[in-house]
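Contents: one structure, followed by commentary.
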């Protein structure tokens, strides 16, 4: 690992996994199991171990997006991986894309977008949410995400750039849609997320008024399958509804 | 658009959309609506139009992954966007990742992986599938995908590189798993796709034998919501089961 | 079997099952496999066989509700067993109940209600539907179902009887609800069926205005599991949305 | 109400509903709100009220199956209404049917069967479960249910009666199936309930070995729709998997 690189330190104590995301630096990590000199990580590669001064051994891994997701601070109910996956797959998001995103919230979707796309610009109206999101984005080591504080309904008029993909998870999404074509490349994708039917219907009506193509609203449900000595079955607990995803094309 | 760049040409005739993916070049595109000189695309930007010699107007767009997916040749039932989205989200696939994939099939998952990851190496045992996949990958303009013909069960022993993510959609996935740790970075993700319960159980047993972490099997269901003058409701037709996705961590 | 009793005759020809529902009588059944004298059924019990004059053998069974359902004439999309089952289970329908039902349609729900309840009164506004339903109800041998032609919105004012359960599957269900308490015993159940969200919301609003108890709207989904030599999995085809069922209590 | 009849007494205190199922008799009901002389119920009809000696008013209703279900004592996870509804609808259970049931458990399915069918014979291997089920069946006022203590795998050999419907919810269902035809009328229905895939596959194999017709395994999922001032959406909480229902015909 090189100086400045993010490292996931994992250890197991009494059957419970404890983990830390740190940066290779001159600093120290203080844990319940003792102190780790973070400079010692510089000689290591993923799979190596490092020992805290009280003897506890930690394995070294390169942290991945699901780790940042799990460690991210939350300001509300963040978008779930299943819904993020739908947005990525149906917009065909790739490393050449420049993305406009709003509202940021705690930045979980933004982090995923940033880890794939070339660049992400994201708007959030609440200043304290912007702070949380900025911290999460920084912790994930993403330097291609630009966080802006402001209401996308008004701010969209001040944007003079065009994007490949626009993602909207705001309460007033329907009011943003009339201006989307001004910032979205022809053939580009708009993806919206909305928990309620009434809201989703307003979004669809706004899209129809703007002649978007290939408009489709989906709900994605995931179900865990449980494997045990007793047998195999779908899980007896289940995540319920999160939100509807609407995909449209300029 | 620049020479060699891929262009999506779209036109509408009698209410039906027709589209072509072409490369900016000295060649011609022959359509039912007349001939288009592809060199003329060089001056254009997305949103411009080009006119075939018989007068039909085509709009110019930058093709995106869902376009390549729709235009790809199929050799069987390709993986659906919903399942591809799950794999991307739960492995946190990003532009720094190097991916090992098998079996390629017609290359639909491979194309998605290639459009996001730094590099993809993919194995397919059937030579004619490799040809189809190669064509699809080339048509999508992806130059970071290496297609290899061979059985991953044996070939994995000849791989001396480590990957961030491994994706397996083969009938003998359970026989590959005992060798996965040799090619997967610590903390890296293994994602498998399997249509049947019996097969999925074998995969889980093989993963347990290898002490993978955070093993989770999910089934993703998507449901389209239909909006019409009569009202809003979940679609009366529905995609049924496709496959189970199992995510595990080295 | 006794004279007048309904009999299910089943035979198999070239791997295909053919079946007839007949009444023990002096008449003849003409089939592609020859003639059967229906009087000969009088000596038989379920499990016996009868032979048509050209030598084809038919097994004798007592027809059950799913047989009548399968043989019923349709006037539109009939309610599915899954939704009928929900209504029966959540209203606790039993043999002491007297049921008010509207609109009858082809009478499929009505037949199920009639086979369980003590008595069913059902309203249908279209005369030709009433005829179809009457035929289906008679064919099912049900003599406790009273079919009335008329619009329940108006006719409910002319009903001076009280019911244990009311089931409504009409387009104007919301306009019936304000008068339901006049015909429903305290503690009795109202069950409505509505395909669209907008319609269901109107029903809920009408129920709230009338202070119904324990109001609950559910959607029931059924999924077939397929077992084959290749393995076990949920069916790759699937019935989509049918309707929402709302249960309320007076 | 007449002497011996079951009565549902409902009152509301500080926004919380309290309810009691009692029999019209010479006895007293002692509640937190005072004493009610049960003989006074004899003059009343559903919808009337009765006042406890400390002044609290109770409304009088005829209890229905969902009330008995809610008041039933539990010995484990009882079958859910959704699954009971499927069994009733797919077997076409009606008031002329005689049903064989095992294992009784706390008798919830048995109570539903008894409230619809002409007669139910049910087997339960654990004596303490039989006691609980007997109490529940009696409380529901059902006198057509015969509870027997014994293992259906062996006891089925001692049954010399034929049934219209057989319902099995036991761990050894697969061992009962080879003897089902001896107790099931031709054309009659067998319905089994099994939580796990492995168990369900064994049941299917046993049915195939016995040449049952029209064999179908389904999973029924129900989803509540939530209506609030904020909007309409599927519930964010959800019941997960319960069991698979297999329907087969003799």
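Every chain is named by a letter (A, B, C and D) in the order it is written, and numbering of its residues begins at 1.
Simple rule for what comes next: contacts are C-beta pairs under 8 Å (C-beta built on N, C-alpha and C of every residue); 3 or more make two chains touch, one makes a residue touch a chain.
Which chain is which protein? Per UniProt: A, B, C, D = tRNA (Adenine57-N1/adenine58-N1)-methyltransferase.
Just so it is clear, the structure is predicted and the values come from calculations on it, not from any experiment.
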Distance between the CA centroids of chain B and chain C (whole Å) is 46
Rounded to the nearest Å, the gap between Cα centres of chain A and chain B is 21
Among all residues of chain D, those touching at least two other chains are 197, 219, 223, 232, 234
Contact graph of the chains (line, ring, star, complete, other): ring
Listing every touching pair of chains gives A-B, A-D, B-C, C-D
Contacts from chain D onto chain C in the complex sit at residues 8, 10, 46-47, 59-69, 81-82, 84-95, 112, 115-116, 164, 185-189, 197, 200-201, 204, 216-225, 227, 232, 234, 244
Seen from chain D, its contact residues with chain A in the complex are 195-199, 219, 223, 230-242
